[in-house]
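Each of the next two complexes has chain A plus one more chain, namely chain B in the first and chain C in the second.
On to the complex of A and B.
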């Protein structure tokens, strides 16, 4: 496989994971930017543990996920049912705090950065294996009682409460799972890039993730997959002179999608239409009873 | 019939001789490319687009000059600027595109892209001239990079010491430091030089990367009653801090020292008249009496609305010349079959070139580290930089 394809597939998968980490809490109307802080923490933890302590990759991955899960758990206690704006502020602040800590921590390379993270063989296979696993997990969540409850919370919290949905509990659940996914993505990113800089985890990343979520579509997990590949591929599809305008292309695309197709390119309705009729036994039953 | 046979064998012999001579040329030192393509991973969009622009400008200028003089080994140089937009993913993907075919790479720019993309070049045995960064970054990828600047702890203390010696009454200094890339180690080196000249360093003032208001930071610095100020932050912030200092009554402008990375357009456009009289150090002597330099300077000013060449403006100009010299002097052919071998030849030449004639000065490289490069101290007078001291 060519190096270009390798990194294109690698980064696309990591952005899909991060896109899903943003997508899940948005199911209950929360934009949880804490995921970027979790990504930075686990990336640095993974890089440091591998280079300085020679820990094996699987152990680093598991502990990284555990660390970010704990962070998610702690924060979600406070912002589990907070309004979107509060969650955004907490997320942005946490990114700023983590970035400042890294910049001032010489052990982690400070502002200069962290170099020479050991190579892990078969990284792309590991990334895609985990991507499928997480994808399956999110699919199950989306089609579970939690997923249906989240859809109601997104539309109207009062109705959800009247239906017996525990808003805080469901908010906490989605925030914790999203932090765990971001922790996984951070570890994978560190071992894919093999260097770390505080500049990798900036507000620019938040903007890019927002673009992935809203262009692809926030009502289904498939939108993130489509837009991560599409947006990551733009610079590769076009000549360098056009690719230089990618930030403008991303911005224009986001504005256009919000104006013309507010739910994003891939919506639940669209998937519904695409599904073969045979998959809907209820409809078939109705049809049969009518005949 | 016999004559015909003789004529045929004569022609046959000539053809064989011609083929033999051709084959010697093919397998010898003949150039195998129609042009020397030099990719330059630069950032011409995004937050450092202005810096990326003049780096590209200087690389193109060097290529134009070389091509006008007949090219390298008879073939023209082509600079292919590839925009990474300060994105690590883009830098890695673009570097990945180059590892199979490029003879040498210039860049990436800036540090975040270097950290992400250079390991790919190192793995593939591709030499990258990361000429805009400091020693701290380049050394991590030796021998597949070189450092354009001497070791920071050795290069900077003499220039701050020289500044202190120009102001013997300056006993205490406050330094404003922005936590970005290699600037904190540079700030430490500034302090070492000042302390060696008997100056006491007061508590440092941290400049947040996203700072908008500078009044409180300036008050914090002035509360310590310093005699001098060192600004180790970007050009825009340095200009705004100077404006605040002037507004709060700072008079002795020469006792404000701006570091090299802040010597950029925004310092002059934002600072305006407020920066009159300040001290600044960088790596180019604008008034150098050399026709090549003056031609570069005039061309730069012409293409940049009269603004003087910035501190980093010569780096990739000299890099293009260094690569072309390496190709010329090591007999590079550009033959894809010899790619690995010729990459090593270019690497070894550049890392140990002696008496390299840059646009500003002549220097030697030893194992990828330059020696004999100077740092210049200026004061701004009537909007012009006036030379005050030099340190080596």
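On to the complex of A and C.
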């Protein structure tokens, strides 16, 4: 497999995971950028533990997920039912704090970056195996009582409360799960790239994740898969002179999609229409009898 | 003690610019009902405009006019986009935040590609000016004085406009109840466009004061300022103009004092940790939200 294809597939999978991490809390109307901070923390933790302490990859992965779950748990206690914009600011502030700590911590390489993370064989297979696992988990959540309750919370919080939905609990649940997924993505990213830089975890990344979620479609989990591959492919599709303007392309796509198709390219209605229709003989009889 | 006083003066100067930014942001939120994340990017482009104008002319009035004109033009250019988004059915205020994030991405990438080849720019000493008062460790630079006095004048004029003119009454009426304001004959669209104009002027003025105070501009400055502006608006309470005034000044003072006693970029982290703690403890803001 060529190096370009290897990294294209690897990054696409990691961004699908991050896109899902952003998608889940948005089910209840919250944009949780804390996932980027969690990704940075677990990526650096993973890289450091592997290089300096020679910890095995599975242990690092599990501890990484645990760390980000705990972070999610702590933060969600305060912002579990906070408005979207408050959650945004908490996330942005956390990203900035984590980035500054990394930049000033010589042990983590500072602004230069962290290199020589050990290689793990079959990384792409591991990433896609975990992607399918997480995808299945999200599918189950989406089709569970939690998923249905989240849909009501998104549309109308007052109606959700009147139906007995605990808004804080559901918000906390989605935030914790999204942080756990981001923790997994962070660890996988560290072992895929094998080098880390604090410049990677910035506003650019948040914008890119927003693009993945909103261009693909925020109403279903499938939109993220489509847009992660599509957006990751943009720099490869165009010549480097155009590809270097990819932030402009992503920004323009984000504005256009909100203007023209606010729910994104793949919507729930679209999937519903594509679903094969069941044959109901009773309905046909009624229809026939009327005619 | 002298260091403390010196940093306090510096903090008040910086804080007055934050107040201007937060006031503009809150005005957009209250009147136009948008979350303008790209506002600080407009300010930075306006700073670049001043830098270009300085290369052509030394006439300060022309430079100020150029900076403010660009800021007003960019602010007004974004108006049709946000008006269109607001008119879309089933789309809430979060959509304006997402679109403004896209606009911010475009502006940032254009700046990092085209403006001075992406390198930061430094304003000449004739623009920044030297120290005008020195007393032991306490020094007041021309930039600090202009920022402080300019900030106070701009905020005073804005509050005069808000509380003593018909246009200000329109602003407050729309902020209080949009539908009722429309029913009593207030021209919503016209007033909303006027708010973009006012915000453009505030942004241009902030850019001029910022360039005099910090003496440099870079494509990444907008991201940094945006984070501070948003954090202050949340800490104060979304849409709370008076709260923004207090919290903007407080952020400036905390930041300046931290710079005086803590080395490097850690000082910024202190301000953000404090703000993060306040948001986590009181997500609705210290002074309560107004939207």
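Convention: the second predicted complex is superposed on the first by the 277 of 291 C-alpha atoms of A that agree within 3 Å, B and C clash if a C-alpha of one lies under 4 Å from a C-alpha of the other, contacts with A are read in each partner's own complex, and residues count from 1 in each chain.
Methods note: a contact is a pair of C-beta atoms (placed from the backbone, for glycine too) under 8 Å apart; a residue touches a chain by one contact, two chains touch by 3 or more.
Note that the structure is predicted; figures quoted are calculated from it, not measured.
Upon superposition of the two complexes on chain A, a steric clash is found between chain B and chain C. Once chain A of one complex is fitted onto chain A of the other, the partner contacts of A:247 extend to both chain B and chain C. By the touch criterion defined above, A:214 reaches chain C but does not reach chain B.
Residue contacts after overlaying the shared chain place A:232 against chain B, while chain C stays out of touching range. Using the contact criterion defined above for the overlaid structures, shared-chain residue A:23 touches neither chain B nor chain C, since it reaches no partner. Residue contacts after overlaying the shared chain place A:103 against chain B and chain C alike. By the document's definition of touching, neither partner reaches A:33: not chain B, not chain C. By the document's definition of touching, of the two partners only chain B reaches A:4; chain C does not. The partner that reaches more residues of chain A, of the two candidates chain B and chain C, is C. When both complexes are aligned on chain A by C-alpha atoms, chain A residues 100, 103-104, 244-247 touch chain B in the first and chain C in the second. Listing the residues of chain A that touch chain B in their complex gives 2-4, 6-8, 11, 100, 103-104, 110-113, 115-116, 193-197, 199-200, 232, 235-236, 240, 243-247.
Considering their complex, residues 44-46, 81-83, 85-86, 88-90, 92-93, 96-97, 99-100, 111-112, 115-116, 119-120, 124, 136-137, 140, 179-185 of chain B touch chain A.
Those residues of chain C that touch chain A in the shared complex are 35, 81, 84-85, 88, 90-91, 94-95, 97-99, 101-106, 108-110, 113, 223, 227, 230-231, 234, 238, 264-266, 268-269, 272-273, 275-276, 279-281, 283-284. Listing the residues of chain A that touch chain C in their complex gives 29, 31, 75, 78-79, 82-86, 88-90, 92-94, 96-97, 100-101, 103-104, 202-204, 206-207, 210-211, 214, 244-248, 250-255, 258-259, 262.
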